[in-house]
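The structure that follows is given in the form of C-alpha cells.
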C-alpha cells in the first residue's frame, strides 16, 4: 500500500512538472500557433543564471548563493526578461507568419541561445546546489517523500489556480482566452494583440522560471541540453490535451507524466527500455481517434 | 463553339432534387422540409433574406453538411450524406461566396484542378481548361496567379473552375456579391449561356434581384428555412408574401 | 528572385574559394603531423577536451626534448634530438567536430588531407566512428582518445585503429573485482542509464563478473534515461529491495548521472555507490552536497596530490603552468600517453609509415606510459586489464586516492572476433 | 508574339527542373575541378541533405502540412540498406535478430538502395494511412510522435539495429557524383509529381481544402500518396547517408537533423522545389564559409577569425532574419522563372476567346 502511494506521488509530481512546462508552451501555441522550442532555453537560462558566467570547469554559485526570497524573484525576473526579449526581437516581426515559419524561427532562436550558453559557459555540464533541503525526503505516515515533489505539486496547483483566476477574472485574462480560442476574431473585437502576446510570453517566462528552479533543485546539474526532452514531452502533451485549451495542456502534461511513471513501474525489465515508445504510441492513437485532443476548443474547427 | 459544349448531352430527364430536407442545430431548425427540383436546361434561382437558411442548404446539397432528415437526389441517385468530393465527382460543381480560388496557383491551374478532380489526366485537363477560358473570353489571363486578379475576375474564374468539371449541375453561391453593375451584366450574360452551351443546370443563390430576375427561369423563395413559394420571375415579383418577406424589407438590395 | 539565385550562386562560389587549401607534402625534414579530429566546442568537450590538452603538452615536450618518462620508454635519444626520428618535430593539426557525425567524417578527411599519418578521434564510438573510418580508409593510424567500446579497433573499424582507453566491459570487470575483493561487498544492485553504448557495456561487464564470483549476488537492476527529469519511480522500486544491497553500481555519465545520484542521496539512500570513468572526476560534486560513501574508479590520479607519482607530478606541473588550473579529470593522461606511444612506435619502426607504426604498437606489452601499463596485440587494440585507480568521497567534497587495482581476470575480447 | 515551337514549349515546361539541375551541375563540376577532397565531402553531404529536403518538400510543400517526422523514414531506409549490404557473416553475429533471408543475402548497392527506399515508402504508407485523416495540426504532431516512437524502438532493438551502438562495415561507395545523380533523380521525381494531376490536386488542397473537396479531390488519398513518395525519397537519403559515412547510429536521426533540414526547406521557401534546393545550397554554403572563417581566413592583409562556436549564432541569426524579411522563404514559393518572357496561352484559345467576346457583344444589351 505504501508502495502504491509512493508511486502515486511520483506520478503526480512528474505529471505536475510536465504540466507546468506544457502550460508554458500551450499558452503560446494556442494564441500564436507558435511551437516555442525556445521555451526549453528559457528553462535552461533560468538555471544557468544561478552560476557565475565563466568557462571554468567548476561552477561558482551566483544568484544560486542568494537567499531564496531573493533568488526566486531574481530568476523569475531574468527569465521573463529573456522571454519578452525573444518576443520583441524575434517573434513580433513574424506576426501572422505560417506555422512552419514560426517553428523554424523558434528553432533558430533556440539554436542561437544554446550556442550563447556554450560560448559563455562551454558545453561542459556544471554543478549547482540549490534547495538542497527541498531535495531531502520528509516522512509522513509510512511515506518518505522528497519535499521537492510536494513543492512541485503545490507549485502546479498554485500556478494553475492562479492562472485560471487570472484568465477568468481579469480583463487581460479574458482577452487572452479569447485570443487563444480564435485570435483573428479576438482582434476584431478589440483585443490588443501586442499587449496580450507580450503578457503571454511573460507568463510563459514565469512558468519556465518555476520549472527551471524545480528542475535544478531536483537534478543539481546544468547542461545546455538539459531541457530538450522536457520540451518535447511538454509539446506532445499540449497536443494530447487539446490545442488552444490551457486546461487541456496542463491535463495532457499531467497524463504523460503519470503514464511515464506507471509504465516505468509496471513494464517488465526488457520493455522498460522502450517505455517512451509506448508513450508516443499512445499519443498517435489519441491523435487518430481524437485529432482535436482530449479537450476540444473552437480553435481547431475548420470553418466552411 | 467549344468542344465541351458540343458534346454535352442535353438530357433533360436528369434532375437535381431535394426532398423534404431538414437541418436542425441543437434543436433549432435551420431548414425545414425544403423540396425543390431543377432540370439541366434551366437557371433556377433560390432566394431568401439573410439567415433564411440558404448557406445551410448549399452545404447540404454539396455534401459539407449532413441533413437531419430528407434526401438529395442527383440525376436520380441518392447522394444524401455523401462526402463533398464524391458529390463533386458525381457531377455537381459549385462556386463559393468567398470565391476560394487556389490563390497561389495560376488561373489555368485553378481550372485544371477542377478537371483533374474529375479524373482527367493533366493534358486533357489543360485542354478543357483552355476551352472554358476561351468560352468565357479569359484566356489572355491564363497564366496570371489567382491572387493577383481583381475581385470581379476572381468570381469569373470561380465559375470557370466549376464549369471545368463538366458538371451536370452547377451551384452558384452569390456570384454577384460585390460586383459593379457592368460586371453584373457580364455575369448575367455568362450565366444565361451555361445551360445551353454546357447542358448543365444552374442553381443560382443570389441577393441581387436584378441578376435573379434577369437570368432565372424559375425562382424558389425561402424564409426561416421554409419554402414560401416558387414560380417564374413575374409570379415572384407579384407575390405579396415574397414582397413582405423579402423584397419589401430588402429593397435596398436592388442596386439596379 | 534573380537576386536570390545570384546570392545562392555567390555563396556557392565563395564556398569553393574558401575550400581551396594548400596540401602540405611530407619530407624527411618536415614535421611529423598528428591530427586531432575532436570536439572543441560542443558537449563532447567534456570528454575530448582533456586528452586534447594532454596531446598539446606532449607535442611541446617532444619538440623541446623534455618528454616525460623518456628513459623508461627507451626514448632518451628523442629528448636529446629534440624531435622524433633523429630530430623531426611534431606538429598538431586540429578540426572541430562539433559533436556532429558528418562534421566528424569531414574532419577525419581533413586530417588525412593535412598529411597526418597518425591522428586522434573522439571518445565515443558513434561520435568518433565517422572520423575513424576516414583514417581506416586512408590507411593511417587512428587512435581514439578515450573510446571504450571494444568495437573500436581491429574488430570494428579497421586494422589501423586503436584506442587509448580500457574496454567498458573490462572496466565493469575491474570495478566488480575491486568491490568484491577490496571492499568485501556481496550484494550488488546496478542502475543503468541506457542512453549510450558505453554505459550498457559497463553494466554488462560488471553484472557478468559479479555473478561469476562466489557468494556474490545481484539483487536487482533498473534502467533510467540520461535526460529523465526525475528517477523517483526507480528510487521507489529500489527501496522495496530487501535486504538493502551493499553496493549500487551506477552506469551513467554527467549530467544525468549526477542528477540520479543527487536524487538517490536525497531519498536517504546511503548505500555505497560505485561509478566508472564517465563520471569524470569531481567537478560536479556541488550537485550532491555532502556526497559520502562514493567510490569512483578511473584511469589515473589527478585529484590527490599526496599520491601523485613522480611522472604524474611532472606532468601536472606542466599542465598548471600552461593552463593555469588543474585538469578536472584523468582523461588528460590519455592524450599525453597517446603521443608517448606514437613516439615510441616511431623510434621502434624507424619510419612514419602507418603499417609499420601499427606493427610496432602491436608489440607493446605493458609499456609504462603515463596513463599506466599499456598492451596492444594484433587482435586487441584496446586495453582489457590496465590497472584502475580507485577513489572515494566521504562527505568532504573531494575524491581521495585509495589505490591502484588490477583485475585478475581480463575481459575476453575474443567475443568480438566475429566482427572480422 | 511569334510562334512557340514545340521544343521551346517543352523547355519552358521543364525549366524549373532544368535550371536547378544546371545550377547544381555547375557547383559539382567546379568543386570536382578543384580536386579538393574536403570540399567534395562538403558538397556530397549537402547533396544528401538536399535529397532529404526535397523528400520533405514533396509532402510538406505540396500539402502545406508541416511534417516533423520525416527523418524516421531516413532511418528506416538507412537501416534497411545496412541489413541488405552488410556481410552475411557479420550480420549473423552482430544482428542475430534479423530473419534468415536477410542474414543470408548481400545485395549490390543499387538494388539495395532502391529496395531500402521502398521499405521506407511502405512504412510511410502505413503511417500515412493511419494519420492522414485528421486535421493538419494533428497530422504534424502525429508525424513527430511517430519519429519519437520509431527512434525509441530502433534505439532499443539491439538484435536488429545494435541499439545505441553503431553499425559499421557498410560499403562506402557513395561520393559526390553519386549524390549528385541521386539528387537529380529525386528532383526529377519531385518535379514530375508536382506537375502531375496528383501534385496539382494536393497543392489545391493546400490552397483551399474546402474548395478542393468540392472539386472532387480526396485530400486524404492525395496526402497519403505524397507522404509515401516523400518517405521513399527520404529513405534513399538515409541509404546514401549510411554508405557515405560508413557508420550508422540511431542517434543521428533525431531532432537536430529534423530541425536543420526543416530549416533549409523553410528558409528556401517551402512551397516550391526551387525553394527546397536554394535553401539547402544557401545554408550549406553559409555553414562552410563560417567554418572556414572559424579556422581563420586571410582577406588581403586582414585575417578574419571567428571565435569558436560563434558560427552557429550567426547562422541562427541569419535564419531568423530571412524568416522576418522573407516569411515565405528566399524563393517565396516560386520556381525559377523562364528567362524569356511569360508563357502564352495556346493561340486557338485566345482566338476563340476573342470570338466569344465578339459573339457576346450584341447580346449584352438583352
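As written, the chains take the letters A, B, C and D, and residue 1 is the first residue of each chain.
The working rule: a contact is a pair of C-beta atoms (placed from the backbone, for glycine too) under 8 Å apart; a residue touches a chain by one contact, two chains touch by 3 or more.
Computed from a prediction, not measured in an experiment: that's the story for all the values here.
Colleague: In contact with subunit A and with subunit B at once: which chains are those? Just list them.
Modeller: D
Colleague: Measuring centre to centre with C-alpha atoms, which chain is farthest from subunit A?
Modeller: B
Colleague: Using CA atoms only, can you tell me which chain is the most central one in this structure?
Modeller: D
Colleague: Find the geometric centre of each of subunit B and subunit C from their Cα atoms only, then give the gap between the two centres in Å, rounded to an integer.
Modeller: Those two chain centres are 75 Å apart.
Colleague: Please work out the Cα centroid separation of subunit C and subunit D, and write it as a whole number of Å.
Modeller: So the centre of subunit C lies 38 Å away from the centre of subunit D.
Colleague: Centre to centre, by mean C-alpha position, how many angstrom separate subunit B and subunit D?
Modeller: From the centre of subunit B to the centre of subunit D is 41 Å.
Colleague: Two or more other chains touching the same residue: where does that happen in subunit C?
Modeller: 41, 194 - these are the residues of subunit C that touch more than one other chain.
Colleague: Provide the list of subunit B residues touching at least two other chains, using ranges where the numbers run on.
Modeller: 64
Colleague: What are the residue numbers in subunit D that touch two or more other chains?
Modeller: 156, 210, 309, in rising order.
Colleague: In their complex, what parts of subunit B are in touch with subunit D?
Modeller: 2, 62-64, 83-86, 88-89, 93-94, 96, 100-105, 108-110, 112-114, 116-122, 125, 130-131, 133-140, 142-143, 161, 165, 185-186, 189
Colleague: Sort out for me which residues of subunit A touch subunit C in the complex.
Modeller: 3, 6-7, 9-11, 13-14, 17, 56-59, 61, 118, 122-129, 132, 135-137, 144, 146, 148-149, 215, 218-226, 228-230, 261, 264-265, 269, 272-273, 276
Colleague: What does subunit C use to touch subunit D in their complex?
Modeller: 1, 4-5, 7-9, 11-16, 18-21, 40-41, 96, 100-102, 105-106, 109-110, 112-113, 125-126, 129-130, 133, 137, 149, 151, 156-157, 194-197, 200, 418-419
Colleague: So in the complex, which bits of subunit D are touching subunit B?
Modeller: 195-197, 200-201, 203-204, 207-208, 210-219, 271, 333, 342-346, 348-350, 352-354, 356-357, 360, 363-364, 366
Colleague: Would you pull the subunit D residues touching subunit A in the complex into a rising list?
Modeller: Checking each residue of subunit D against subunit A gives 60, 66, 130-131, 133-135, 137-142, 144-146, 148-149, 152-153, 156, 209-210, 255, 259, 262-263, 266-267, 270, 307, 309-310, 312-313, 315-317, 319-320, 323-324, 327-328.
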